[in-house]
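Single-structure report; data block below.
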Amino acid sequence: MTKSFGSDNHAGVHPAVLDAIVAANAGDAMPYGADPWTSAMEDAFRHAFGPSAHAYAMFNGTGANVVGLGLLLARPYEAVLCPAPAHIYTHEAGASERVLGVRLVPVPTDDGKITPESLAGQLHGLGDEHEVQPKVVSISQVTECGTVYTPGEIGALADFAHGHGMYLHMDGARLANAAAYLGCSLRETTADVGVDVLSFGGTKNGALGAEALVVFSPELAGATRFLRKQGMQLSSKMRFVSVQLTALLTDDLWRTAAAHANAMAFRLADGIRDLVTFRYAVQSNAIFPVLPREVIESLQQRFTFHTWSETESVVRLMTAFDTTSEDVDHFATAIRTTLKP
Amino acid sequence: MTKSFGSDNHAGVHPAVLDAIVAANAGDAMPYGADPWTSAMEDAFRHAFGPSAHAYAMFNGTGANVVGLGLLLARPYEAVLCPAPAHIYTHEAGASERVLGVRLVPVPTDDGKITPESLAGQLHGLGDEHEVQPKVVSISQVTECGTVYTPGEIGALADFAHGHGMYLHMDGARLANAAAYLGCSLRETTADVGVDVLSFGGTKNGALGAEALVVFSPELAGATRFLRKQGMQLSSKMRFVSVQLTALLTDDLWRTAAAHANAMAFRLADGIRDLVTFRYAVQSNAIFPVLPREVIESLQQRFTFHTWSETESVVRLMTAFDTTSEDVDHFATAIRTTLKP
Amino acid sequence: MTKSFGSDNHAGVHPAVLDAIVAANAGDAMPYGADPWTSAMEDAFRHAFGPSAHAYAMFNGTGANVVGLGLLLARPYEAVLCPAPAHIYTHEAGASERVLGVRLVPVPTDDGKITPESLAGQLHGLGDEHEVQPKVVSISQVTECGTVYTPGEIGALADFAHGHGMYLHMDGARLANAAAYLGCSLRETTADVGVDVLSFGGTKNGALGAEALVVFSPELAGATRFLRKQGMQLSSKMRFVSVQLTALLTDDLWRTAAAHANAMAFRLADGIRDLVTFRYAVQSNAIFPVLPREVIESLQQRFTFHTWSETESVVRLMTAFDTTSEDVDHFATAIRTTLKP
Amino acid sequence: MTKSFGSDNHAGVHPAVLDAIVAANAGDAMPYGADPWTSAMEDAFRHAFGPSAHAYAMFNGTGANVVGLGLLLARPYEAVLCPAPAHIYTHEAGASERVLGVRLVPVPTDDGKITPESLAGQLHGLGDEHEVQPKVVSISQVTECGTVYTPGEIGALADFAHGHGMYLHMDGARLANAAAYLGCSLRETTADVGVDVLSFGGTKNGALGAEALVVFSPELAGATRFLRKQGMQLSSKMRFVSVQLTALLTDDLWRTAAAHANAMAFRLADGIRDLVTFRYAVQSNAIFPVLPREVIESLQQRFTFHTWSETESVVRLMTAFDTTSEDVDHFATAIRTTLKP
């Protein structure tokens, strides 16, 4: 098929990741993570995120998010504050409500990001037994709108959360793209600025299927293994998940892959910038141009991409680690000629 | 204490209800509803709501709401659409999420009421496994803003719900006040206009502590007893709950009590109407005047009532079945003199 | 109807309790427990159970049990060990599993009581993420078999539980009968011997409908109000629940009522002891004679009581605070003449 | 390491499965199962299990079990009857209770198998709102004790279940081993004898990590996609899970792999049969010899295997698709010489 701009999970597996899987198929290993490949993966996370990082392999992002939020919620009347477009609120089929029995409170946002100011209005009814009690702030880095928090913005959210007895969870399904955009380390946009628990995304970065829950608080780590098992995220032949994560963290493959995807998105944006406006800032591997409805329909007959907003006539165009300049230029030309036949 | 304008649950018990409780203390009775008083209560509901009404005694409104919503939800990925200020969303401590594992979706509203138009925007992602699937519309009659749906408005919501494969649940904690305001029967604003399941409120109407879940679909009724037990709402000496409900339904005591409470609220509104504006229409036993912050503070030192909105400087003044004209006039005078010393 | 021997919840309300309800109907009161009657109830519990007792009014026993167990469970992979015939396991419709998401582990027992020895075999898989982790031991006092733990036995269970990082919960639906049998105070069989959380039963002791959750650990008490609300057990006009509990605790009415019920059961046992064997020891207000099947059938046409075990041909005969000597003698004679026509 | 006899999930991936994964890494594909590899997998299941089979790829066995049971439970007061040693009861950390809110009822068994007779005693309290209502019978094929149900035994359980308004779920984590032992097709021990929903195990049969939920009732299939997503089992790059399953179903690789594992277990049993007794019948790839405690300790210093029962001094020795005759003979000799030095 023509290169998809639908999502970075339309792509296959990065060759280095696949090689690592094949290499791990070397006889027996203890299951459930008691194997040397998983130990190496845990080391790789400590190297990348600092010594406080405890990493746990998970199957998918929803699983990592639900287990991670569950870890932070001590009582079932506690609630999670998240931006209204957050993946946990919009695209996880109510898994948090179902599995955790928790309220997710959607906080209004224009660009996918929230701030201490936008959170402040949600802190009502504290101590009132009739109301849910906010306990966790959850943000996505990159956001669902393709925007990126600066480390300073995250630090401010962490300070706000901690100052009000709350934790900060980060859905880092595309953390690699954010760090690549910011030019910072993985640690600088997470552990160093107060993130308590991170869902680290591998799959969209080039893995076959591998995510990690990274817990930065030793006192929380103990419960994680149980919550992972009960959350149906415990892999028996875990080595094959672990090596994917290690491969991404080795020689900063995560950054190479993400930076390339970002560059392809920027190239696509540059290729149409004179003809369109972008609904959100171009900061990662997803861009959100406004296109006339008939142009969208025409392009979707030849290309794969999502309509983001019917009412605003906005589409989402997303690149991956394996998107090529030719793919981008071909698509940009098609957009241009459809806009200006 | 000075008569409270804080809530209709600050009041005690209507003498007729208390008499009924005392009268029911006549020797043994089979527990869990297998008693003649409960049968009589069920008959009274059929008389008031029509032959399709199956009534189940419950302890409190939250219990009735959670059991009622649970009855309508067949699968845990189904969601409930409700007005943002709905009691189930704002003042039940996340009981629905916890017990049912369900998403409650807050629908914006200015006056507590929702419409087919405001619901239409929530019907996205139908059939998409990543999104919760709307299955129930829940409304409050009277709303939390003191406003009242007309039977026609409820019918339109029921038609919309049923036309989209959804059910209509009504939180009728103050249904009596609504029917008294509308001058209609209980049936005309519920069963006759398409309500599927009703939480019928007795406590705020003069009961000691008695609500009923009224199920209008025979095929749903079978599961109710189990969900009530599992929902911790099954009374063992149920006769003492049932007789409260029967007392309210006898000789339309519900209407007498509610109409009086409404009249007292209207009298209060009339007493200050020239000096204040009301945030919402005056249609029941709660009025929502806008008062200067210092006036609120001054009055709250002498009277009991709630601040509804700090930011809008709105208070909620609520009357009960036992509020007297003297109570009202005393309070109205106080408001007037505080506003215009 | 002829006096029932089916259950102590077939009885009505003790006059002193009903009087207290009527007396509390004195104008307005703050709702949800912020009223002087509830404060007095809390004092009465501290008086009866010692200064560490924090009492919370609940609607029914299942509600008290579920909220109480929920209070003790910090993580959803934790489990509750209970005797196989425990009410929480056999007659609460799976409320704990549903609301708490927890495993209840049935521990075999012959007479309704468990011991440290019978618990020891359940402590497997500790620290193994594949297995649920025992966190609470729950016992009933009186047990479902009518037997009574001595304070020493409870203390041994508490020591065992605490020694293994677990809590001890007591379902005291008939605690009054146990204390009356033991001739001890309420405190001596609960707080003084290590019970952490108690479901205190009022309804079967003569209340209209009132239970209390008594929390003996200050650090746990904070969450109780929220869990009660979310657990649909928060009464709005709480004074009418509180006064029932206070009435039972005043002048040891609980003991008078329970001792009478016990005495009536012992009288019934004495009246048939020469003709039958008892499946369990006679220690409270329930006796469990073995009767021939045809005798059971004949008696059930004239008297109300439950068959306890079809296979063992055991029935349960239960007395209440208002069972009279005449009721007992009439029934005993009927049993005798049916056995020996 | 020396070949493990600890579990068949200590093994790596069958080369044919790994080849299939590598081959599927061919450019873009639509995610979440909308890809040709997943369609081919679905076809392969219909070919193997008959036209009624709807297959859904899952990450792991616990996920398949929980989603599958959830599909069969219409109401939260319904319960699952399963053998006491069932994996869902003993080794899934209470996932069913947590996610489904359901009671799992452990049915006593000596050899891991249950029968209509052993189920009959569990059907009490039907229609009684105080008791959970049995709705699903769940069996494991192969059982946790290594024993295998005949198709006739499964048919009898299905008839019993359906005759009482219940469904039959099969945890087929080692279904391949059972069918290989029985010499029958996959269909003959599932769809043809009344199984409603099957958790089909790929991982222990040679996959990297792939299970399938196979639903044999079209009316149930509709909800599966939603429950899978909400159950955190939806793979985004699903093709890489699907091809593993297809590889096992192609040219009956599942049978070749399982029959070999079985044969290795039988060879091991034959090698020590004159010296030991087996706790359970030898029918699959797990054998359970009774060994003296000191022999167990000595062997565990050199070999990897689990102690099954401390009290009975029973161990579990399990083979895999890649266990060799040399591995077996080496281990058998070690056992013999340790038993008879």
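A, B, C and D are the chain letters, set down in written order, and residue numbers restart from 1 in every chain.
Keep in mind that, in the parts below, a residue touches a chain if its C-beta (ideal position, glycine included) is under 8 Å from a C-beta of that chain, and two chains touch if they have at least 3 such contacts.
Please read all numbers here as calculations on a predicted model, not as lab measurements.
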Contact-graph separation of chain A and chain C, given in steps at minimum: 1
Chain pair with the higher count of C-beta pairs in contact (A-B, B-C): B-C
Option reproducing the contacts of C-D, where over half of them reappear, out of B-D, A-C or A-B: A-B
Centre distance in Å when chain B and chain D are each reduced to the mean of their C-alpha atoms: 50
Centroid distance [mean C-alpha coordinates] between chain C and chain B, Å: 33
Distance from chain B to chain A - Cα centre to Cα centre, in angstrom: 42
For chain B, residues contacting two or more additional chains: 76-77, 92-94, 98-99, 101, 129-130, 226, 229-230, 234
Residues on chain B engaged by chain D in the complex (per definition of touch): 32, 70, 74-77, 101, 129-130, 133, 223, 225-230, 234
Residues of chain A that touch chain B when the two form their complex: 76-77, 79, 90-94, 97-99, 101-104, 106, 129-132
Chain C-touching residues of chain B, taken from the complex the two chains share: 1, 3-4, 6-7, 9-13, 18, 21-22, 24-31, 59-63, 66, 92-95, 98-99, 203-204, 208-209, 226, 229-237, 240-241, 304
